[in-house]
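First the structure, which I've put down as structure tokens, then a few questions once you've had a look.
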Amino acid sequence: MQIDFNCDMGESFGPYSFGADEELMRYITSANVAGGFHAGDPHVMRKTVALAKEHGVAVGIHNGYRDLVGFGRVEMSVTPEEVHDELIYQLGALREFARYYDMEVQHVKPHASLYMTAARDEEISRAIIEAIQKVDPDLVIYCMRASATYEVAKKMDQPVATEFFADRDYNDEGQIVFTRKVTDELDPEEVGDRVVRGLTEGKVTTVNGNDIDIPSDSVCVHSDTPGAATLAEAIVRKLGENDIEVRPLGRAEQRVGSRE
Amino acid sequence: MQIDFNCDMGESFGPYSFGADEELMRYITSANVAGGFHAGDPHVMRKTVALAKEHGVAVGIHNGYRDLVGFGRVEMSVTPEEVHDELIYQLGALREFARYYDMEVQHVKPHASLYMTAARDEEISRAIIEAIQKVDPDLVIYCMRASATYEVAKKMDQPVATEFFADRDYNDEGQIVFTRKVTDELDPEEVGDRVVRGLTEGKVTTVNGNDIDIPSDSVCVHSDTPGAATLAEAIVRKLGENDIEVRPLGRAEQRVGSRE
Amino acid sequence: MQIDFNCDMGESFGPYSFGADEELMRYITSANVAGGFHAGDPHVMRKTVALAKEHGVAVGIHNGYRDLVGFGRVEMSVTPEEVHDELIYQLGALREFARYYDMEVQHVKPHASLYMTAARDEEISRAIIEAIQKVDPDLVIYCMRASATYEVAKKMDQPVATEFFADRDYNDEGQIVFTRKVTDELDPEEVGDRVVRGLTEGKVTTVNGNDIDIPSDSVCVHSDTPGAATLAEAIVRKLGENDIEVRPLGRAEQRVGSRE
Amino acid sequence: MQIDFNCDMGESFGPYSFGADEELMRYITSANVAGGFHAGDPHVMRKTVALAKEHGVAVGIHNGYRDLVGFGRVEMSVTPEEVHDELIYQLGALREFARYYDMEVQHVKPHASLYMTAARDEEISRAIIEAIQKVDPDLVIYCMRASATYEVAKKMDQPVATEFFADRDYNDEGQIVFTRKVTDELDPEEVGDRVVRGLTEGKVTTVNGNDIDIPSDSVCVHSDTPGAATLAEAIVRKLGENDIEVRPLGRAEQRVGSRE
């Protein structure tokens, strides 16, 4: 059994450092690289791609709203057309750094509020996937299983990776509870067990105490969750103990098929 | 005889319109597309590439300093490494829109203060050309003949296009006099004659009244020069009257050789 | 009978010119000066305050969301606390330029999406008015009569000016229909008559053809409505023909009382 | 004997934390509050002013170039007029938060590259001081004794505070060696002794080993110098041991006169 492990990376900006990228890169297999709109800058982007290459980690574009001060966590009524154009811009920037280091771009993962907006808005999801299909149909789109993004991707035959969020609560509909605040410190062992159960049993317990199905292609930890690197270590260790191999999904043409 | 005709394009931003792109695109053969740092945004970039395609105009990245309020005309002591990384970022963004419209990127032309800084600073020029050679060695770099950029490009075997500025004054060293202000209205017939003479005789008269050699691969008009479209019309008309064909340079692999 | 006439001003930015400020300033009595978040910059702000002074026009802060590319027209889920802090910042900037030219700040008018959000959100309205009451309780807050902003202002005893939008359609609830697009060209005579009727009869006809009450302290025209200066001229001329004097509201301590 | 102790504060931005403001505020007497152009945002500015008030620390505007990614450390050929307007804008923003907390603004201290540019450029210094004299002549301008800013301030009768930089090297001309990089860790005891000597003897040893005169009204430590809070503690302790009282300068009308 295999699983991808993704994390947001490259969210430093100019003089400002953010996230334990160097530590986390040792555990993850796919890096969602900030595109410069919600965080990141060209220098940070290059360093992040170089770091990913060094660790054999695949890269994808983490495209966010143009909202630096709110870190892309502010909901914005940006039109589908603007989301589409801003994705192409950020994706191209990343692809050029990937080319610089002789790598390929593996995936697209919208950031924070854009991710959540797309999850409930078919038009935004379609704008994202149309952009992908126009420039590089082999890119995998990351999303929640319980989302409009997933439904639209399936309808449009776009390769998709469903995510298991290790550090977020789920509601009974299978959606994570989005927050603009940093979450509380979590217990690494509990988080690791939760992930293992999510992958082996395909279940997660919601905030209401119910068990729901959660078919997943990738585990996600947020780099600004307190103790993220410790969580990542525990997750990878427990996955190993349960004979689950952690490795990148690969681009569509290389994939062995999603778990569904 | 042939000549390329380039112009800065895509410098609108959000609600703000800038330059007579639609009119100018009818006359030029190479569009320097603003990269989003000194001007432009993703939506404007896409529209500009689409417009270029419609008119058979080649596109290149017009990479500027990160200075929106100063329109990239402020000199900035940005390090060579930052210039290098910011070029890759902006170039990638443009390349993705080119890919979107099934086009190729033809060239790199630094904008305003960055152009002038590179012209006198070998290190900055080298940073730009190293970035190009790493990601796409067939890109042509635009510069003045009398510049460090030209010298470094020659030394590094990078395809180069030297420019004849139709709407700027020259000093005796063959450099244009850079200005942060919009220039005065120019007489289209005079400008056209000046260009024709520059190409047929290879000479231009400087601000001091001297004639200097000005070997050129491309004519440039700035989109914010008052009456830019009228100037462009006059230039193309006069070039035609003198049997000089206006056409894009092409990427390095397609070029028939520069005029030198 | 008297009425105030307000217009958004100072929305140029760096190299980008926006709105016919010089022409409009001849007709209006209150200028809503862009605070630099959705539009405007320090240089533009100073020039705008100078122009207002020259024409005897009162100034107020036009505070918008931090959204330059969307011109503050994008809805943003910014917290009340952030709206509060961003208002104080922008208000202070304007007050310093007013001080520079020996003027006072008269009013606060939130811009575009922030105006519309406040109109339906008590918490956002309260955050705005709390900021005002903390730093300068004599500032007048501009809003629609049919808005949460009006209700909260009344509850908090904050001086308020209700607006009649000359260039926007009304729904039956007395709210304007907000648009991110530039409106169509309007007939100046019709607009002038509509304003005169709005002030003399206190009525406006909605998009559904119904007449509703529209008690107003100030008329508003948007500077980017096509032909705004022509509309403004017609409005002022028709008001004059109907013996309605156009003059600034004044700060709370100078006001003769709102029309209600 | 008395001395002021100033430090850059409020340089966090949105999600990005910067500097040990809370610890440092316990030692310093004057806070240079980032104006939002090189760092800081409205929320951070309000929190910083509140923190200063809580600790009885005076506030001044720390106005920088509009260069977030370069943290105001990039040299920019911004015109004197723009520097003038941008100072007024940032100063007004700070003054409004001071008003919010019933405080006064004490001083102006340009940041990083703007500070160094002003130090060698009379025109920029004059633009800054003209702005101050127009809006609030009692503001104290901080500068190096060996600077154009000092000379211009004296010529224009502007109250000035000369600085002793505890964490920077001096050249023989009495100017600090500016760096875009973070400095190495310094020994707190040595730094404290250096400050005490600077104040009691009025001397500092330069990078060339020479002793020069360094008359000072205020000691400065940079908040991003490694171990800044430890340095600050050592400085205040050693000053106390030498009977030098640390207290704010006060605005011009409250000052007992500079040390010269």
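Going in written order, the chains are labelled A, B, C and D, and every chain counts its residues from 1.
FYI, a contact is a pair of C-beta atoms (placed from the backbone, for glycine too) under 8 Å apart; a residue touches a chain by one contact, two chains touch by 3 or more.
Fair warning: this is a prediction, and the values are worked out from it, not measured in the lab.
> To test your reading of the model: what rotation angle superimposes chain C on chain D by C-alpha positions, in degrees to the nearest 5?
So the copies are related by a turn of 180 degrees.
> Counting residue numbers used by both copies over all numbers at the interface, does the chain A-chain B contact come out same (over half shared) or different (under half)?
same
> How many angstrom between the C-alpha centroids of chain B and chain A?
39
> Chain B to chain C: how many Å between their CA centres?
Using C-alpha averages as centres, the distance is 42 Å.
> Two or more other chains in contact with one residue: find those residues in chain B.
As it turns out, chain B has residues touching two or more other chains at 69-70, 82.
> Where on chain A is chain C touching in the complex?
66-67, 69-70, 74-78, 113
> Sort out for me which residues of chain D touch chain C in the complex.
Result: residues 36, 42-43, 45-46, 81-82, 85-86, 88-97, 99-100, 131, 134-136 of chain D touch chain C.
> Touching residues of chain C toward chain B in the complex: what are they?
It is residues 13-18, 39, 41, 68-71, 224 of chain C that touch chain B.
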